[in-house]
Amino acid sequence: MSWNRHVPGLSGPRLDRTAKTTVAFLAIVVALFFVLPFVGLAQRAVENGGFWDLATHRQTREALWLSLWTSTTTATLAAVFGTPLAYALSRSRFPGKVVVDGLVDLPIVLPPTVAGVALLTAFGRRGLLGEPIDSLTGYTFGFSTTAVIMAQMLVSAPFFFRAARSGFDAIDPQIERVAYTLGASRTRTFLRITLPQAWPALLAGIVLCWARSMGELGATLIFAGNLEGKTQTMPLAIIEAFSGSALGLDGAIVLSLILLGVALAVLTLFRAVAARGLRQP
Amino acid sequence: MRLQLRRRPSLVLVLAAVLATALALLTAACGSDDSKDAPAASPDTAGTTAPTPTPAKVTLQGDITVFAAASLTDAFKELGKAFEAANPGTHVTFNFGASSALATQIDQGQPGDVFASADSANMKKVADKNLAGPPVIFATNIPVVVVPASGSPVKAFEDLVKPGVKLVLAAPAVPIGNYSRTIFTNASAASGGISADFSEKALANLKSNEADVRAVLAKVQTGEADAGIVYATDAAVAGAQVKTVPIPEKYNVIARYPIATLTESGHAEVAAGFIAFVLSDAGQAILQKYGFGH
Amino acid sequence: MSLEFDATLTLGAFTCEASLKANDEILVLFGHSGAGKSVTLQAIAGLMQPVRGRIDINGQAVFDSARGVNVPPQGRAVGYVVQDLALFPQMSVGQNIAFGMPRGAGQSRRQRVERLLAALQLEGYGDRRPGSLSGGQQQRVALARALARDASLLLLDEPFSALDESLRAGLRRELLRLRAERGLTIVFVTHDLREAHLLADRLAVFDAGRVLQCDARESVFRHPASRRVAELTGVANIFEGTVRGIDSGAPVVDVRGLTLRCAPPAMGTGPRPGEAVDICIRAERVVLHRGEPRDHTAVNLLEAAIVEDLAYGATHTLRLTPTGAGPALEVELAARPYEVMGVAGRQTWTVELPPADLHVMARRTPGD
């Protein structure tokens, strides 16, 4: 074990034998805990066979498609609404800003089931806003794809907002002031100076928000229900398959693998893009 | 379909060894509670609180986990307390959920001692793999339509096919979901049915396949759904929040609940004792209180 | 190009009141950090709005609270350079410089960038990213970018303080050259006294949100308006005294039993007999003699002993205590005269305080 011996110029405290052994042991335990479940999934899928049939099953395709487009819509909406607000919050100073920051982060620590119940009390058929909307227009959010997006939004948008906020916070306000004195309007400054610099953080936020939306289950089940092609996203399809839908347990495993694969692909792509973005300046 | 780790024996062995060590440590830590509690249980306290002591001549000791259908939630919680009171050396933990989900969990090797299913199909899935002993029917239940206390367009069973009705059922694999669909099929029968396309129309109104019967009930309680099909016992639990619309007897089915010990039970005697208690007069009295039949 | 500034700024609990003027020259805003220099500069640039007052650039009001005029920073045509430069990291050096140029006329735009690169010795760096340049080069990019708008009023907020001394000297020379070539009016913020002295045509001394004095550099250095200005501008010898009388316009002041003849007041009425005043003389203006000075007309003499000798290399700072009446003194001597005179070998000296360098300041009671 000599992982720092070949690093030229690296000096300072080195790990002694005991420390190395401890680290190795911890690494193995942690790796087992985090890797074994995925190994198990893959091993089971291979053992069961019929991967392709289950992966192309109508229910699988519908759930995957629904998950992809609702998550993308959620992430897009979060970015469109969240970016200006995150910027405004980052640049403004007012009493009680700490409180606002805390409120914005609240859904991150909230269990999604709470988010689902909260959505019901606001937009449900008997909810604060849901009831008047229902009685005026006859429209109800429940059991609709809109409800899926709303559930994802409440749970995942804070991830984008938080990332965007810290991205804007990291930019020296002086740089924008200088741009103003160079004749650039606020809009031009934001688009040409601020946004390009905050872009890696915004992208990270979009990916986080998207990934969280892909995995959203609790709030969706409670607020949107579970119907194939309409509100049944991948996690809901997995839950249903686990308790014995047409796809069965084998289907649950295949769906999980697909979800994993898609997430892995997106995250890898993001890392590649982010790495290129960082190398440029 | 049990977990098989045969490939890559060397790696697997290492993994297994580490996990086994971890598990051993965990169980050792948890198990110590048992041995501490055991001597405290006095030999003849059985029957002090339970009105009709079950065949608990032998002193039962140990903890058991009971996998029970979601519809049994309230009745079994009370039953469990009564059983514990009758057998002070025991402790009952429940795992409530859709019988189909429970069957999958048992199949995947989740440790448990008793399985109480809301239908025979899911019990059979478990029994077919020799994971459960011979089942006994211990209760019956009747599906009903529930609607929110006010404002539902569904006043009678026939209204379920009205366009625009927001109908919520349990998923088809869940016993009550399966029963619901059987009822619709019965109502579509050529002779004596309501209409040939009853099932088709009713399922066109379906807005959500819920995970278990209690989730269906919740959707109706919150008013999100106009109607759902649950057991009469669930409707009773919900009280005034919902109204019950009976399903005509000729279309309805009777849900029969089987119960069995699980073969991998670590406390087979306690498990058997629990089942005996469920079948005893005292157990049946509790079930009847919650609306179950036999 | 001219600047006239008379405005009050508030920033939280901090208030800054300033009245300044500059006309085709370098105006240095000097003071400790937090004295209000930077906010004043931001107000000129339009980045912060004064609560009241008026700012004229080239005779045009860019801010006037009375008439409700407030031209945004985009419309003020000033070049603004800050300490951390704020170069746009995702753009090339050329793009940075071209950012503020008026749109259109693509060909001439490129030529102008090239000319600016040449003017600031940055040829060949146009396509590089600012991050790959040295500190001094980045500084020149920031200057070029500020100049690209054809701004003839340049606002520089401690632009050299992040650089080491050798680079700073070069950049200061460069700034003086640019000013001479382009006829710029420059407002330069610094807390460095040497830098202020080197660059300033006019000097505004800031302290706790106020401009204590704004005048030609020599006036401020030689005739500080108050004890506080004298302290801030590094005058080592400040004494309390009482005016004994006025002798042909020159105040005669008693300091600790020593009668000192001072310079006539540079402007205004000057002190009245009996008035309590502060008088000051810069350490480098004090003259040391071995025994009696050869010039018998010399006045303001006292005998004093060296009690401390601090060698700074190029200069020595001596502390002297009078043997008889008079104040304790600090004297600064260049290394060469220090050696020629043999200061190290002798303790007691005759000290001369030339009247022309003894400046009388009205004593202000605190809060006045």
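The chains carry the letters A, B and C, assigned in the order they are written, with residues numbered from 1 in each.
Everything below uses one rule, namely that a residue touches a chain if its C-beta (ideal position, glycine included) is under 8 Å from a C-beta of that chain, and two chains touch if they have at least 3 such contacts.
Because the structure is a prediction, the values reported are computed rather than measured.
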item	value
Graph class of chain-chain contacts, one of line, ring, star, complete, other	line
Chain nearest the overall Cα centroid	A
Euclidean distance of C-alpha centroids - chain A vs chain C, Å	55
Interchain centroid distance [CA atoms averaged], chain A/chain B, Å	35
Mean-CA-position distance for chain C and chain B (Å)	86
Contacting residues of chain C [partner chain A, same complex]	42, 45-47, 72-76, 78-82, 84, 86-90, 99-100, 102, 129, 131, 145-146, 148-149, 155
Residues of chain B defined as touching chain A within the complex	1, 3-5, 7, 15, 18-19, 22, 97-98, 100-101, 103-104, 107-108, 122, 166, 168, 171-174, 206-212, 215, 218-219, 222-225
Residues on chain A engaged by chain B in the complex (per definition of touch)	28-29, 32, 36, 40, 43-44, 47-48, 120, 124-126, 140, 142-143, 221-222, 224-228, 231-232, 239-240, 242-246, 249
Chain C partner contacts - residues on chain A that touch it in the complex	172, 174-175, 177-185, 192-193, 196-197, 280-281
